[in-house]
Amino acid sequence: MRSDGRPADALRPVRIVPGVIEHAEGSTLIEFGKTRVICTVSIEERVPPFRMGKGGWLTAEYGMLPRATHTRSEREAIRGRQGGRTVEIQRLIGRSLRAAVDLEAVGERTLLVDCDVLQADGGTRTAAITGAFVAVVLALRTLPAEVLVRWPVREAVAAVSAGVVAGELLLDLTYEEDSQAAVDFNVVMTSSGRFVELQGTAEGEPFDRTVADRLIDLASAGIQQLHQQQLAALGGYLGP
Amino acid sequence: MRSDGRPADALRPVRIVPGVIEHAEGSTLIEFGKTRVICTVSIEERVPPFRMGKGGWLTAEYGMLPRATHTRSEREAIRGRQGGRTVEIQRLIGRSLRAAVDLEAVGERTLLVDCDVLQADGGTRTAAITGAFVAVVLALRTLPAEVLVRWPVREAVAAVSAGVVAGELLLDLTYEEDSQAAVDFNVVMTSSGRFVELQGTAEGEPFDRTVADRLIDLASAGIQQLHQQQLAALGGYLGP
Amino acid sequence: MRSDGRPADALRPVRIVPGVIEHAEGSTLIEFGKTRVICTVSIEERVPPFRMGKGGWLTAEYGMLPRATHTRSEREAIRGRQGGRTVEIQRLIGRSLRAAVDLEAVGERTLLVDCDVLQADGGTRTAAITGAFVAVVLALRTLPAEVLVRWPVREAVAAVSAGVVAGELLLDLTYEEDSQAAVDFNVVMTSSGRFVELQGTAEGEPFDRTVADRLIDLASAGIQQLHQQQLAALGGYLGP
Amino acid sequence: MRSDGRPADALRPVRIVPGVIEHAEGSTLIEFGKTRVICTVSIEERVPPFRMGKGGWLTAEYGMLPRATHTRSEREAIRGRQGGRTVEIQRLIGRSLRAAVDLEAVGERTLLVDCDVLQADGGTRTAAITGAFVAVVLALRTLPAEVLVRWPVREAVAAVSAGVVAGELLLDLTYEEDSQAAVDFNVVMTSSGRFVELQGTAEGEPFDRTVADRLIDLASAGIQQLHQQQLAALGGYLGP
Amino acid sequence: MRSDGRPADALRPVRIVPGVIEHAEGSTLIEFGKTRVICTVSIEERVPPFRMGKGGWLTAEYGMLPRATHTRSEREAIRGRQGGRTVEIQRLIGRSLRAAVDLEAVGERTLLVDCDVLQADGGTRTAAITGAFVAVVLALRTLPAEVLVRWPVREAVAAVSAGVVAGELLLDLTYEEDSQAAVDFNVVMTSSGRFVELQGTAEGEPFDRTVADRLIDLASAGIQQLHQQQLAALGGYLGP
Amino acid sequence: MRSDGRPADALRPVRIVPGVIEHAEGSTLIEFGKTRVICTVSIEERVPPFRMGKGGWLTAEYGMLPRATHTRSEREAIRGRQGGRTVEIQRLIGRSLRAAVDLEAVGERTLLVDCDVLQADGGTRTAAITGAFVAVVLALRTLPAEVLVRWPVREAVAAVSAGVVAGELLLDLTYEEDSQAAVDFNVVMTSSGRFVELQGTAEGEPFDRTVADRLIDLASAGIQQLHQQQLAALGGYLGP
């Protein structure tokens, strides 16, 4: 039995609130249990040099409020640079979202995705990907049809963690579970059941193929539920 | 008539939600109209060298989510340093709160105040001071009575802006009003009616003494209402 | 009686030496007692993007030699960034000077003001504003009349501090007085008797309205004397 | 047929030269085809604070000579910070090596692993892990038996890439292949056939489970050959 | 004939004003013609780790006011780091002064030398060395005899430039001469006629041995005159 | 007798391997005994603003692998900036090479020279200059004759150190010798026997003219041998 009473294969309560930041072209507040992330999408009418003449671009940044964590962490603006973990996560978010969006169809504009963690309790990167996808669709819906080559949303993308804690295979780890996990997977999948990213890490002992397979199964099932929630937050469809 | 229908001497709707961040010793979400700021207070059991042997310390940091503003601003963690405006504001927040707290009574510990703007529509620094004061009291209430020399909250501190826009003297400026203001005051006052900080700036034409006096009056009246709201958010009293 | 024998309402000896740096378009050495600041103005034939098509711009930077202070302070070039106090002061200097200059009349060029403190004994920011105004006029005088829309100097601007030390209201605080002050005002005024900036800070106890009013009166009287000195350093007139 | 004539499931020629840097406690030059990396291990007699009382630590850093790449890349020491890719790779190298070493057995000392790429032609991170493992064993062999709790090398760890290029599943991608890959896996495995890290990324289209399974098989077979080479470079055994 | 009418082997007018900065333990303003440098010496009662148990230390920093030069240069505190030229010069100043001071005799304290250029017209590094030596002696004279092992000033050290301009061998180059020089020497010598530093650089064509020899002769003669000026500024003796 | 058995006036074994880095336009590995440096030259089809319309440019950067030295040094990319020694050395390398190359003849392109030390045992800067010259010629040979105004290589340039160790005048100091040297010279000369750079530093006692003269003689003789080696590595001629 998990400390919050969940079965091993259950997600925490998920909540996706669209439109929380008035200025942004698209925004969501997403909650995976106590983990709370604000995702905004800003559209800029230019692309970086390497995308000129090739369509649009999407890039992501990630941050945490200093007191999102149990003990306060130093503000990265004061430390003068983003930490290694931050950089790794924001690169993952960007890659994941780019897989779901047909950037050629976006035209020469950039989607700037910001994921800022208000409260962290494990799974901030997977919540960020899941919430940011919804914000991306909302932002694209603000564009007039005529500026788009075609509708750029190919399918939904969502993410969840799974891991081995005290010998048990668990879905959607809390911070406490994550810090005790022997194996930790982050899986990013699209609604067609394909993978965008598969990251498995042994925190102590290496793991064998069977464990990898079972964790991927667990995550895949969880992601299907997340896709439902995304769809609901988007009014039931991914179109314009 | 102001664009949101408010009289010249009215505050925007104020909302103070205590306890929004579970991990922090004290926290509030404060709203001045569409301006929304999360204030957290973290308590650390040490003081900077210059306070050793002299009691506690309080310091503040300020940040904005990149898309808090109408157009996205660059993340300070990426630019590699805090901007001049950020530094000025966080120094003001720290000074203002220190005036309301008897640091000697806190013992050798530091209150780290973080004010992070989720959405900006003018008055982020005054909202931050007003909300952070409540978070400071909440944080101090988590300390056992025996670690305190005495109860450190002297009185409440709150802040509001006032300015001259198109010849009119207005209280609590929105972003739109602020960007058209000829004169801009930020006033920080305690509940005993005394000033902690008085900052008046001519944005274009210099201003005369009468204007200064009337703006200070306007702000003073507004701050009294904010003190009421702070008190309500704290359960009606400033004590432990 | 003050430690240097001055009456409470007296300025320290003021000295303004124009033209101390040969290369600069305008320059002054200003002394407020032992406080000594070199102000230079450089004219560049371009403006930042946000001023294009709107006339000229003026911006200020502030620095201190490492041993300007009683104990040596670290060189900001080595620390890798300007401190919060530096940024606050240089923003104040820029705002103050912009209020005295009709930037539209300057044409598309930038006045870069540098204020570097050789020796610090309190009042470095007010001395810098007072001395830099003179350097700005000298720099503008080097421009041929035909490149200016009209003569850009509207009126003089000068600044002084005032504060409460040991219960006494004093004008133009030395470092020693400033470090004991309960209340500290910096006032920036133009020669027409209007305010550009009014900054009052309680260093310990908050202050009441009467104290604020009396300190502003004290400062206003002091600034009138500074305007006389500025005029003298400029040959008796503010024109071209 | 691949551009260098290799079969789809073949590694490039691998060469591991131990002891190339005289000063280092352990060092190797490793080549995966034209990719060439110098790995050094330095032993310091202290651990970071979070490891005190818990045994040793191992951390890795990664760099590239500016002209390791086809077009020169800016020196990170001049840009003033490590790029996101660098940080991600050095974190991966550290995690991978820590999985093969019993840090408790090392005693309170830190193994600092430096992987510097002299020439890059794809697979620099996998070559670095593979070569650094050998350098770690060499460095540990310089320690007298009595300072070790027990022999800390649990098993070997090596890494290789695999990917889908033009519909073909290929092992150990060159730079040219990697830049055309639709799917890119990096697999880190120990000599007991277990995984330390499994990272699969869709570069364009998401990939399905079958592709993931086959790429992991391909990589696993390749890693077994790398373990042979590592063993040979270490004189045929992993012991002291 | 040189543009300022000087003979080829003449120094510019040299002026050394001791005691210009009241707070510093030692200070001078030195002028080589229009080149003007403030040198201060601060004494700290600690040494860097590598000098512990070995006596004192001396280190130097160098800076330029932004408008010391003909066209304004960016403030290094804003650029976020010292430039290459700055670093090279301050290392040279430190090495030169250390050669004249018996650091063992100073006891465990550090002399921090700051050389800040107010106005630059060639020879700022040589003026800085020459002026800083005087400030060092003044600072050492403030130490009570009993804290010193013995009097630490071994002999005087001074520096001057010499170069080849339009085929002529010239002493003490101005900025204009320096920017046209084909060969540029900086020579640092002690009052016993020995060299501390000899730096000759071909700016265009390489130079032959004869030129090197003649420029060193020229500089040596100039430095003897500088030693006279130093002695005069120090009251005629190098002792305590 | 020196610790490696060399006579006082002998170079260490020198080895110059051309073409070690496949991607670079020109490259060498140079060894002065145990000192090993990789030099690469990259050609970019643009020049910095101050060279526009004036022909080409050449600039150099220098780095060391963290474990090139006896004890590991911090990676400059992590420290966030290049150290003073690094900056000084790379400026010297650039100046030295520019003296040997007719930049006007190169056309509007930049030669970017990178010297990276794999292993350091004294003389890294002199080895870098000597090896980089060869790489520069190799890089220029890749340019088609028609893009060059004329062949830009004027003559060869090479460098060596000489110093006084325990009273003996020695050529080409090892790290151990260098750290005991009382006087340390670095001499850069062209194949016509002229000087590009002459740097002599007293590490403790100042040195007299005779010592300077004899060290320059020693270095000159050594450099003639280095020019032979350079010529051999270039196939016996400096032409295209």
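Order as written gives the chain letters A, B, C, D, E and F; numbering starts at 1 within each chain.
The working rule: a residue touches a chain if its C-beta (ideal position, glycine included) is under 8 Å from a C-beta of that chain, and two chains touch if they have at least 3 such contacts.
Since this is a predicted model, take the numbers as computed values, not measurements.
Student: Give me the chains shared as neighbours by subunit C and subunit D.
Tutor: none
Student: What is the chain whose Cα centre is as far as it gets from that of subunit E?
Tutor: The chain lying farthest from subunit E is A.
Student: Which of these, A-D, E-F or D-F, gives back the A-B interface, meaning over half of its contact pairs coincide by residue number?
Tutor: Repeat interface, by the over-half criterion: D-F.
Student: Going by the average position of its CA atoms, which chain sits the greatest distance from subunit D?
Tutor: The chain lying farthest from subunit D is C.
Student: Which whole number of Å gives the spacing of the CA centres of subunit C and subunit E?
Tutor: 33
Student: Taking each chain's centre as the mean of its CA atoms, how far is subunit B from subunit C in angstrom?
Tutor: 28
Student: Using CA atom averages as chain centres, what separation in Å is found between subunit A and subunit C?
Tutor: The mean C-alpha positions of subunit A and subunit C differ by 51 Å.
Student: Could you list which residues of subunit A touch at least two other chains?
Tutor: Where subunit A meets two or more other chains at a single residue, that happens at 80-81.
Student: Name the graph shape formed by the protein chains and their touching pairs; answer line, ring, star, complete or other.
Tutor: Its topology is that of a ring.
Student: Let me make sure I follow the ring: beginning at subunit D and going to subunit F first, which chains come in turn?
Tutor: So, from subunit D then subunit F onward, the ring reads D, F, E, C, B, A.
Student: Along subunit E, where are the residues that touch subunit F in the complex?
Tutor: Touching subunit F: residues 81, 84-85, 87-88, 90-91, 95, 99, 189-190, 192-202, 204-209, 212, 216 of subunit E.
Student: Contact residues on subunit A for subunit B in the complex?
Tutor: 21-24, 27, 34, 38, 40, 42, 44, 61, 63, 65-72, 75-82, 86, 112, 114, 116, 118-119
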